[in-house]
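Order as written gives the chain letters A, B and C; numbering starts at 1 within each chain.
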Amino acid sequence: MPHHARFWPTAAALAITLAAPAFAAPAPVTLGAILPLTGPGAVIGTEQMKGIQFAIRQQNAKGGVDGHQIKVVFEDDQAKPDAAVLEFNKLVGLQHVPMIFTAYSGPSLAMAPLATRKHVLMLNAGAQADALGKASPYMFNTLPTTADEVSGMVRYLRAHGKSTAAVLYENDAAGIGGRDDFVREFKAAGGKILAQEPSQFGQTDFRAALLKLAAAKPQVLFVITTAGLKPLADQLHQMKASWLVAGTTFMEDPPTIADPNSAGIIHTQVVADASPALMAAFKKEMGADMGFFSRQYYNATQIMFTLIGYLEQHHQPITGTNLRTALLHIKTFHGLVPMTFTSNTAVVPIDIKEMMGGSEKTIAVATAH
Amino acid sequence: MLLLQLLANGIVTGSALGIVAVSFALIYSTTRVFHVAHAGVFTLGGYLAWSLVRAGVPDLLALAGAMAGCVVLGAAIQRFLYAPLERRGAAQLVVLIASLGTLAVIQNLLAAVYSPDILQFPSAWAGHVFGLGGLRLTGAQLATVGVDFAAFGWVMWFAHGTLLGKRIRAVAANPFLAEITRLEPRRVHVLVMAIASALVCLPGVLGPLDYGLQPYGGVTPLLTATIAMIAGGIGSLAGAFFLAIAIVVLQNLSLLVMPGEWSIGVTFAIFIVFMLFRPRGLFASG
Amino acid sequence: MDYLYSYLILSEIYVLLGLSTNLLVGVVGIFSVSQAAVFGVGAYIVGDFLLSGTLSFLPAVAVAAVACIALNVLITLPSLRVAGDYFVVTSFGIQLLATATFTNWTWGTGGANGMPGVPPPDLFGMQISSTRGILAVSTVAAALGCLAFWLILRAPFGRLLKAIREDELAVAAAGKGVLRAKVSAAALAGAFAGVAGGVYATYLSFIDPTSFDLDASILLLTMVVVGGARTLWGSVLGPFLLLALPQLLTLIAIPTTYAATMQQLVYGALLIAFALFRPQGLLGERL
């Protein structure tokens, strides 16, 4: 048994800890996070950071994981791949972190070969590009790919007699991937795509594109953009077009849902419900609403607590390789979002929701098969 | 109808960009500084107005307060940054770098204070939709087009009909002569920066009133505005204003004939070709 | 150790780009804000060739260098017709057009999704996948670039370039080939950027339009201004310093939530301070 050798010293350390907790607290565990914290991507990056910070504060206040305080070192990559590679080497080389939270497809894909070489676990809870699923054995994604979400939405649309659609997509990895998925699935299901128009990331005036799309008179407008959703809802309302507006999880944006002009918009929703108590605690602690990405990274951080706890109980050192093995062994996690890893991308329940001009209700279930 | 609505939206957004271009042209033609930090002044205006409205100040007073803030910032940039650089005979590249640095400071200060999230004005009238014979425009859009055209009219009157305006144009036309004829170009420069900063605050507030505020949102409008200024011919304020409108209208209408992902690229391609064949602009004065 | 290596590799790639920018902006006085676009073309060409397996590393870099020479000459041509700030805006336009092309020409660049899986460089049939090996490649490339730059500044050609910047009319009147000198300088600057692109693509293995955008071009200008225009040592120091800056700034204790914005803020303040108090940069000549 390879663990035997480690058992006695650990038990002894435990005994000392119990006897004199003030003198010998277990060493803190340091993790890394590489997120866009400045520049246009910072809107989402800071939301993600707050989710991690909140989870860490809660856990550490409860005494950490098996007595270990958890620390996360945040680095800013401005959503740029070269900065991400530099920060990766910094976190792994200087801080010796066994895992890194990442976001955004570009930086994640640039770091993937390094993760494989250095045996560092990467947990992405924000990007949904298809390529991420097979980027590295060490890269795990807690969000389903856009293709999974889109196929659920297409089934719903076709079942409700919608046969023509137009697409408004963000002109970047997330948006283009989603557009391609939708166009492919909708055509395969016998539907017809009448028009598609891009928007730039961070753009908030969509009127010209919307007017052009509306002129094609589609029954459905499929929207895949990550930012500027409230102005989009307002501008859609201004046009009074007769189409059904459908989107993905990106639509889950508290200010947009609270906007009366968003009534009638439907979207797939990766289930990530937080209790009102948790939402309130978050708002109090972090001074912001617990948005979708905060909940996702809160959940991803909980997964890390589970993995670290598991390794502690089995007296294994907290390394990237061990964390990965533990993740594949545990497979199913019951954090904020129940999820199962049968591959590097989690299987997560997906709902279809409708905005009611202030709140949302679930109208169908669209989990991928 | 589609054509008409695209045209109307283009004129609304274009008039806002036109004021950015006019104010930039005013600065550039007098001080010869490529004032990139103007994008920061533009953004600051929106955030100041947002804070004031949130604090319960009536919308019009908030606009006035934001303009005052922009005036202070613009004059300070001239007085404490560009003027010392000019005295030391700094090269254009150095002044541009200083301006880029100022822009970075303003943007990130706003991002730190207000968060990078897109902020919305709470003013209900801004989102109210008015139907004008088939056209549908929001309150904010109507305010944008009205205020910006009025501001343009005021600038034209000021530049050509007032003594101060003539003095500014004299300094712009020949700084050396202005120096020896006691027109005091340094003070005129501060004044021009103050006026231009107040002007750029108008679209800086009215645009975000329509579609939200972002700390890094000022760069693209400024870049398009500088293109309008150069294509219009430096020194021609009317050229800058109307070309800004023309560019945005064309970008909007171009959607009718090509996919939108190329519209920005095509705008700049046309501009580059244009620079090769008519580098002094369409309405250059002299 | 890999952290240090990756810092050195990226710095050396930026040294090549700094030389390229310095040659145009500092030495000839062509105010270009689109060097990142040329850099990107080099990166995509090498990426495409290596991914398709049609060429190995060195020939691919050679093709990229030739293409970037042609491109850089082409885009600096407007500077012969329009001067100063007019060219700045034209150059801005070229940069934005390039970004639009990188983002939308999916067939050649992978579009906004980027180009993943570019193989590591290979020399004489051997793949160089270790960070140390790539460091050797980038060091050789940067050293060759520095040598070329140094030789040119000392040669009669360098003095001609200097004279053009100081008084173009006088040089033209003296019967010297102003056009030829400017075009040659632009060509050399293009070659530097092309080679830098090739090393960059093979080191990162993933490239996308965000590495070659307006921000990157402005970063290059900043490197030249901070390091020092017109000198070899200025072009070398600038990249090393500016890539180290974010790392140094993390040593200042700021609450995590604001750290990143504060770093960018300090960065802006540094630019202002340099412009005001040391416009010649650390190791440069007065602009």
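In this section, contacts are C-beta pairs under 8 Å (C-beta built on N, C-alpha and C of every residue); 3 or more make two chains touch, one makes a residue touch a chain.
Just so you know, these numbers come straight off a predicted model, no measurement behind them.
Visitor: Pick one for the touching-chains graph, please: line, ring, star, complete, other.
Guide: If you draw each chain as a dot and join those that touch, every dot ends up joined to every other.
Visitor: What's the chain with its C-alpha centre farthest out from subunit C?
Guide: The most remote chain is A.
Visitor: Considering B-C alongside A-B, which chain pair is linked by more C-beta pairs in contact?
Guide: Of the two interfaces, A-B and B-C, more C-beta pairs touch across B-C.
Visitor: Based only on mean CA positions, could you tell me how far subunit A sits from subunit B in angstrom?
Guide: Centre separation, subunit A to subunit B: 38 Å.
Visitor: Could you grab the centroid distance between subunit B and subunit C? Build each centroid from C-alpha atoms only and quote it in angstrom.
Guide: 31
Visitor: Going by the contact rule already set, what residues in subunit C reach two or more other chains?
Guide: Counting only residues that touch two or more other chains, subunit C contributes 103-104, 261, 264.
Visitor: Going by the contact rule already set, what residues in subunit A reach two or more other chains?
Guide: In subunit A, the residues touching two or more other chains are 38-39, 42, 46, 171.
Visitor: Going by the contact rule already set, what residues in subunit B reach two or more other chains?
Guide: Those would be 108, 111, 116, 261, 264.
Visitor: What residues on subunit C touch subunit B, complex-wise?
Guide: 25, 31, 77-78, 81-82, 84-86, 88-90, 92-94, 96-97, 100-101, 103-104, 218, 221-222, 225, 229, 258, 261-262, 264-265, 267-272, 274-276, 279, 287
Visitor: Could you list, by residue number, the parts of subunit B that touch subunit C in their complex?
Guide: Contact set of subunit B toward subunit C: 28, 34, 81, 84-85, 88, 90-98, 100-105, 107-109, 111-112, 116, 223, 226-227, 230, 261-262, 264-265, 268-269, 271-272, 275-276, 279.
Visitor: For the complex, which residues does subunit B have touching subunit A?
Guide: 2, 5-6, 9-10, 13, 108, 111, 115-118, 120, 127, 129, 136, 138, 210-212, 214, 216-217, 251-252, 255-256, 259-261, 264
Visitor: Touching residues of subunit A toward subunit B in the complex: what are they?
Guide: 38-40, 42-43, 46, 171, 196-200, 202, 204-205, 207-209, 211-212, 214-215, 227-228, 230-231, 234-235, 237-240, 255, 261, 288
Visitor: Given the complex with subunit A, which residues does subunit C contribute to the contact?
Guide: Listed in rising order, the residues of subunit C that touch subunit A are 1-7, 10, 103-104, 106, 111-114, 116, 200, 204-208, 210-211, 215, 243, 246-247, 250, 256-257, 259-261, 263-264.
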